[in-house]
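Both complexes below contain chain A, partnered by chain B and then by chain C.
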Partner chain A sequence: MWNVIGQPKAVELLRHSLESGRLAHAYLFVGQPHVGKATLAINLAQALNCEQGIEPCGQCRSCLRIAAGKHADVQIIGRLPDTGSGEAGPKKEISIGQIRELQQAAGLRPYEGKHRVFIIDSAEHLNEESANCLLKTLEEPPPEVLIILLAANDARLLPTIVSRCQRVELLPVPANTIEQELVEHRQIEPDKAKAFSRLCRGGIGWAISASLNERLPQERSLRLNELQELVTTSLDKRFDFATKLAAQFNKNRDSVEEVLRLWLDWWRDLLLVKEGCAEFITNVDQEETLVQHSEGYNVAEIRHFIEAIRAALEQLEQNANPRLVLEVLMLSIPNREEERIKRPSA
Partner chain B sequence: MASQVFYRKWRPRTLAQVVGQEPVTKTLANALTTGRVAHAYLFCGPRGTGKTSTGRILAKAINCLSDDQEKPCNSCSMCQAINEGRALDLVEIDGASNRGIDEIRDLREKINFAPISAKYKVYIIDEVHMLTEPAFNALLKTLEEPPPHAIFVLATTEIHKIPLTILSRCQRFDFRRLTKIDMVGKLQDICEHEGIRAESQVLDLIARAATGSLRDAENLLEQIFLQYGSDFSLTQVSEKLGLSSDARIYELAKHILNKDISAGLATINSVSSDGLDLRQFNQGLVEYLRGLLMVKAGAPDTADFPQDVVSEMKQLAASVSMTDLSKVIKLFAQIDFRADSQSTLSMELALVDCSLLAAERPQKVISKEKAVIAPTIDTDEPRPDNTVQQQEVTEAESPASEEPPTTKIAQAAIPQPPQSIEQIRQHWGEFVNACRGMGSSGNLDALLRSACEAVALEDDTLVLGFYWDFQRAKVEDRKYRHLVEKKLQDVFGVPYRVRCILTPKNKAPKTQQQARDPLVNEAVKMGARIIEEEPNE
Partner chain C sequence: MMKVSCSQEDLNRGLAVVGRAVATRAVLPITNNVLIAAEGSQLKLAATNLEVAITCWIGATIEEEGTITIPARLVTDFVNSLPSGRIDMTVAPRGQSVELTCARYEAHISGLDAADFPPIPKIDEGVTIKVKSEELRTAINQVAFAAASEESRPVLTGVQADFDGDTLTLAAADGFRLAVRKLTLDNVVEEKVTVIIPARSLAELNRLITDQEEPVELTINPKKSQVIFRLRNVEMVSQLIQGTFPNYDQLIPQSYTTKAVVNLADFLRATRSASIFARDGSGIVRLQVMPKDGKGKIAISARAEEVGDNVGEVDATVEGEETKIAFNGKYLVDVLGVLGEDEVAFEATTSSSPGVLRPVGKDNYVHVVMPMFVQW
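Entry: the complex of A and B
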């Protein structure tokens, strides 16, 4: 049984290829985070190694071992944990050493299953050396080897990598499908399911983990509140926040990016509300606040701040001094006109 | 895997099968027949154009055992060994994985041994651009004069990363992107052998999406074949490719040009939630807008749209100005989807920018009219007349008068010259900015910016009050005064004369107003000192 939700097209393609024995040797699964890329890749590995047939049964020893990450022939390659810095954030890149290990392992016959499967998680983190190192193996791997690359954005991969893979696109899962799944199979209350299905923006994985773990949505709203307070606090506080965030950046890059993306979503929502398109906003649970806040800005201000956040994200990626970048961002927060909020009719 | 993918299965096996690279294949074929094979080749070109395949064909051809003119024969034992990848004398090196100097030293050591069964030892170094600098340098001598039994083929997609010393030792062949016709031909060939029925239109579409890389095209064909079976239609393919020739492109274009932002946002979001590729959608949009531009410019034939669409475009194009249209096209064509390809944000921002553009424009036009530097297209009157009229008007007016001039001729197009000191003060910032780059060291604006204010207007003389003697003396100087006077005429359209006086800096209210800016407040709290103030614009 294929347990990827909301990707009928991709599953159909893979199933068809398996049935007709025309599976490619390299796949590239493209889709936003939490959309089900890794689940699909593991499913495919199970299907290839399943003892029952060509469908992943999920019951046999092989399927169970793969699901538990214990199978000797199914390897997931991702960024290694960064032991250098204090916190347990992952390293910035997938190194050439990891790819060389993959090449070596690919040369060996399968140990306990029928096929060796290598899953490269977040392939956009391959650095220049490791990506190039992969090229030849990716083009003509030994028989019985399958390489699956997972990427959120294939525009960041080398074109020579993309051209060697079968590209399978995983689309954002429609909100209704997520809602249905949460209510029917995971016994979540309908209102919660509705909120989660919107908040995750098609990334069903987030919705599921949010429904399992109360802390996730709580943390999210806490962060949002913190960010909203920044708009009205004094410059001192803003700089304090920037310093804090910059310190966090040095330990764990991804978490800072997450915060900024959250903020970006918030301001996009403001823009949408301002333009009268409230039905497309992300933070559905905060619509009232959004409407209220949007009164205090004009479109150009919102537009410019969105650009500022995007610029900050880009600069952080390019290794600019995080503290400077964030402080500049803090300075460009537009002033909300309180009067306009007090008299929303005006 | 049980079966090979198309791009491996249908790799060309003879030079004649390599499509779209006639200059390369012809040269190589001639070299083979005349027996003048060089010892080092460098194949470069974009992905999927046949570099590695040609390298292997070359290796077969020079080692082919048959007596045929046509080499390689693909039937002798040597050719077969190479095809099956078990020939010991064809050494294919992954230059990106074995990129260090140690690997090259190893190669140098082994290259001296004679070939085992073939005539030549062929070294194919693929992805050669990833060799390290020491590795390249270690290769130089061997590459220049390898043993007589060795032939090098280097292949790369990034020729600019290859040192010049390597380039000059190789015969370089540039592989081009394949044309659509070449690609369709090859795809048709594959379809025939695989039993796929595909219209030429479908293959055309695939070839276009592959942008000149045959491997991409073969991959796409295989994927479509796997998804839809051996018989597929044009609509299925365009759906698979995310090509949305649907009406929403026209819809969005209409919303953009009508400045209907909320409807436009709705369109973008509906496209995205239907799972269409926004990049492709945007491309379609830009193409359509370009078509509009063509129609507007009176060249509808270049637009390459069906007749009924063109007539629709004509209507739409009639309602917008050329400058608006070109600005809109620029905004959408510049969208960079690399940052986040799935998010609708980039397109939404471009859309909002269009509306902001419209809001900014009137202001800009006004300021342009104020600075009557050159006659704009809208102005019917030639400029010299205007100036004379204005001059007369100003002279006729009493200096303190707040009222607009009574004798107005062609006032509709001509900006009103400022009649009061208030009006001059209002636009003082603009004037100072206009002075940028003037003076002996281009800093006239700095002398004026925070050092003086317009005090009074006496007849045609503008009195400038300076806070410090230094600046006063500077501007009083005839050289500078002329510049200021000239600029005043440019900006305000009236030939003022300038008189400079010294005034005490009495700007208490203004300082307070400035200090009210929260940024300045905070900075002062942190221990900042105000050195110089710039007028707010």
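Entry: the complex of A and C
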């Protein structure tokens, strides 16, 4: 059974290739974070090694070991934990050493299964050296070897890598599909399911982890509170926040991006509410607050700030000084109407 | 549950044997562990790095059968530090740690469930041969060093083993040299089988068979993905390399224009001393073969700009023409060091065609080295 959800096209493609025995030698799964790339890759590894047939049965010893990450022939290669710098979080890149190890292992016949499968998680993190090193193996892997690259954005991969793989695109999972899955198969209360299915922006993995783990939704409300405080607070406090966020950026880029994406959602929702399209909002559990807040701004202000957030995200991506970028962003936060009224006129 | 006792010496030796197969940087963290299983009347130790798996049995008194995996480095170092004597090991029912006592020492070592350990391959069927351990050890010594150490072509990091009738042919090449060794088996294989065994696995095997007198039994599984070597109380399984080994027959020159027969020890000494100067000059060692009335000599020289030069001469029985040829000194030293006969025959054609070395008196070994191009 293929347990990746909401990707009928990708599953159909792989199933057909498996049935006709014409699997590509290397795949590139492209899709936003949490959309199911790794799940699909693991499913494919199970299908190739399953003791029952060409579908991943999920029951046999081989399938169970692969799912538990204990199978000797299925390896997931990602950034190694950074032990050198004394900070939590992974290293910045996938090193050439890891790729050489892959190549060496790929030269050997499978240890316990039928195929060796190498899953390269977040292939964007291959540096130029390791990507070039991988090219030869990627073009002509030994028989019984399958390489699967996972990437959120294939524009950040070397074109020579992309052209050597069969590209499979995973689309964001429709909110209704996620909601249904959460309610029917994971016994989540309908209210929560509705909220998570919208909040995850099509990344079903996030919705599932949020429903299993209280921490994710809690973190989100914390971030939203922070955001709501910021709009009413003084410039000093905003700058303090920018400094804090910039420090966090140096340790963990992705977490800051996450914060800004959350803000983007929030302001997009404000715009939707303002324009009377409340049924499309992401933060369904916050509708009242949104309505309340939206009264304080006019459309131009909201739009202007959305653009500011997008610009900030882009600049961070381009390695601009994070503190400056975030401070500029703080300066662009529009003041709400009531604040303006309260403030003594100059 | 497990309750077992054995001697510190046996356990220490067993751990040292399987320790060679423990993974150093593990893809699967559990492969840093050693599997300890009490079954029947023996204690089984096993480790694997997913390329090589070594299993070793030691005598033990077993009160309760059981199995667990514990960190290999830790237990090996600890057992090694203990006084000789009896060691008792106990695993509580459903426990994940070993209690180990020896004389007045006691330790608790946390482990992982043995069910998660990669299965140590069992090979019961397939092509099986027996070969004298001494013979196999020499052959591996003469061949394995010629394999590439790190190579974009994985097949060259292996040694091709070709079983045909009662003959096993081992061959390794790294693009600059080729070593081929034939050896006679104790039995006859019914079908011809060719596999590529990682050179590192064979080097490991050589360490294991140093003090073994009985023949080594070797089985290749029907899928040709693994080979097992059975020794006394020890089994080693190696994954095989997939791919096609280059057809090396055509690389061995069929004729020569100059042939020199030299005393091996003299040749080796002269090459070594030339290599010292060659260190600063891209490793180039020059050979000048000079015939003279059926006798003759070889002058072995090296020079490095702004450092100096040297030359050494050895007597030789030379047939054919005078010739000049240059090699990487390391390659010559490597092969001369493993020939193991009194005399060596050196054959050459031109300064740009490969040189051939054979032990005199044995026709089971041939070594081909590519020359280097130099200005004379």
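The criterion applied here is as follows: the second predicted complex is superposed on the first by the 332 of 346 C-alpha atoms of A that agree within 3 Å, B and C clash if a C-alpha of one lies under 4 Å from a C-alpha of the other, contacts with A are read in each partner's own complex, and residues count from 1 in each chain.
We take it that a contact is a pair of C-beta atoms (placed from the backbone, for glycine too) under 8 Å apart; a residue touches a chain by one contact, two chains touch by 3 or more.
All figures in this text were calculated on a predicted structure; none of them were measured in a lab.
Student: Given the superposition on chain A, are chain B and chain C in a clash or a fit?
Tutor: Once both complexes are aligned on chain A, chain B and chain C fit side by side.
Student: After lining up the shared chain so the two structures overlap, which partner does A:R215 touch, if you call chain B first and chain C second: first, second, both or neither?
Tutor: A:R215 contacts neither chain B nor chain C.
Student: Put down the vertex angle at chain A formed with chain B and chain C, C-alpha centres only, nearest 10°.
Tutor: That angle rounds to 100 degrees.
Student: Have a look at where A:L271 lands relative to chain B and chain C in the superposition and call it first, second, both or neither.
Tutor: So A:L271 only meets chain B here.
Student: Look at the residues of chain A and decide whether chain B or chain C touches more of them.
Tutor: On the superposition, B touches more of the residues of chain A.
Student: Quick one: is A:S234 in contact with chain B, with chain C, with both, or with neither? Answer first, second, both or neither.
Tutor: A:S234: touches chain B, not chain C.
Student: Could you tell me if A:H25 is touching chain B, chain C, both of them or neither one (first, second, both, neither)?
Tutor: first
Student: Now for A:E144: first (chain B), second (chain C), both, or neither, which partner does it touch?
Tutor: both
Student: Using the touch definition from the top, say if A:K136 reaches chain B (first), chain C (second), both or neither.
Tutor: A:K136: touches chain B and chain C.
Student: Is A:A72 in contact with chain B, with chain C, with both, or with neither (first, second, both, neither)?
Tutor: In the superposed model, A:A72 contacts chain C only, not chain B.
Student: Contact-wise, after the overlay, does A:P172 reach chain B, chain C, both or neither (first, second, both, neither)?
Tutor: It touches chain B, and chain C stays clear.
Student: Return first, second, both or neither, reflecting whether A:Q103 touches chain B, chain C, both chains, or no partner chain.
Tutor: both
Student: So after superposition, what is the minimum Cα distance from chain B to chain C, given in Å?
Tutor: 5
Student: Do any residues of chain A touch both chain B and chain C, and if so, which are they?
Tutor: Shared contact residues on chain A (touching chain B in one complex, chain C in the other): 100, 103, 136, 143-144.
Student: Could you pull out which chain A residues touch chain B in their complex?
Tutor: Residue list for chain A touching chain B: 9, 12-13, 16-17, 20-25, 31-32, 99-100, 103, 128-129, 132-137, 139-140, 143-144, 146, 152-156, 159-160, 163-167, 169, 171-172, 174, 234-236, 264, 268, 271-272, 275-277, 279-280, 299-300, 303, 306-307, 310, 313-314, 331, 335.
Student: Going by the contact rule set out above, which residues of chain B touch chain A in the complex?
Tutor: Touching chain A from chain B are residues 1-5, 8, 47-48, 52, 94, 96-97, 99, 126-127, 129-130, 157, 213, 215-216, 219, 222-223, 226-227, 242, 261-262, 265-266, 269, 273, 275, 277, 337-342, 345, 348-349, 352-353, 355-356, 359, 518-519, 522, 525-526.
Student: Across the complex, what residues on chain C touch chain A?
Tutor: 25, 27-28, 30, 50-51, 116, 118-119, 121, 150, 152, 154-155, 157, 198, 223-226, 239-243
Student: What residues on chain A touch chain C, complex-wise?
Tutor: 68, 70, 72, 75, 100-101, 103-112, 136, 142-144
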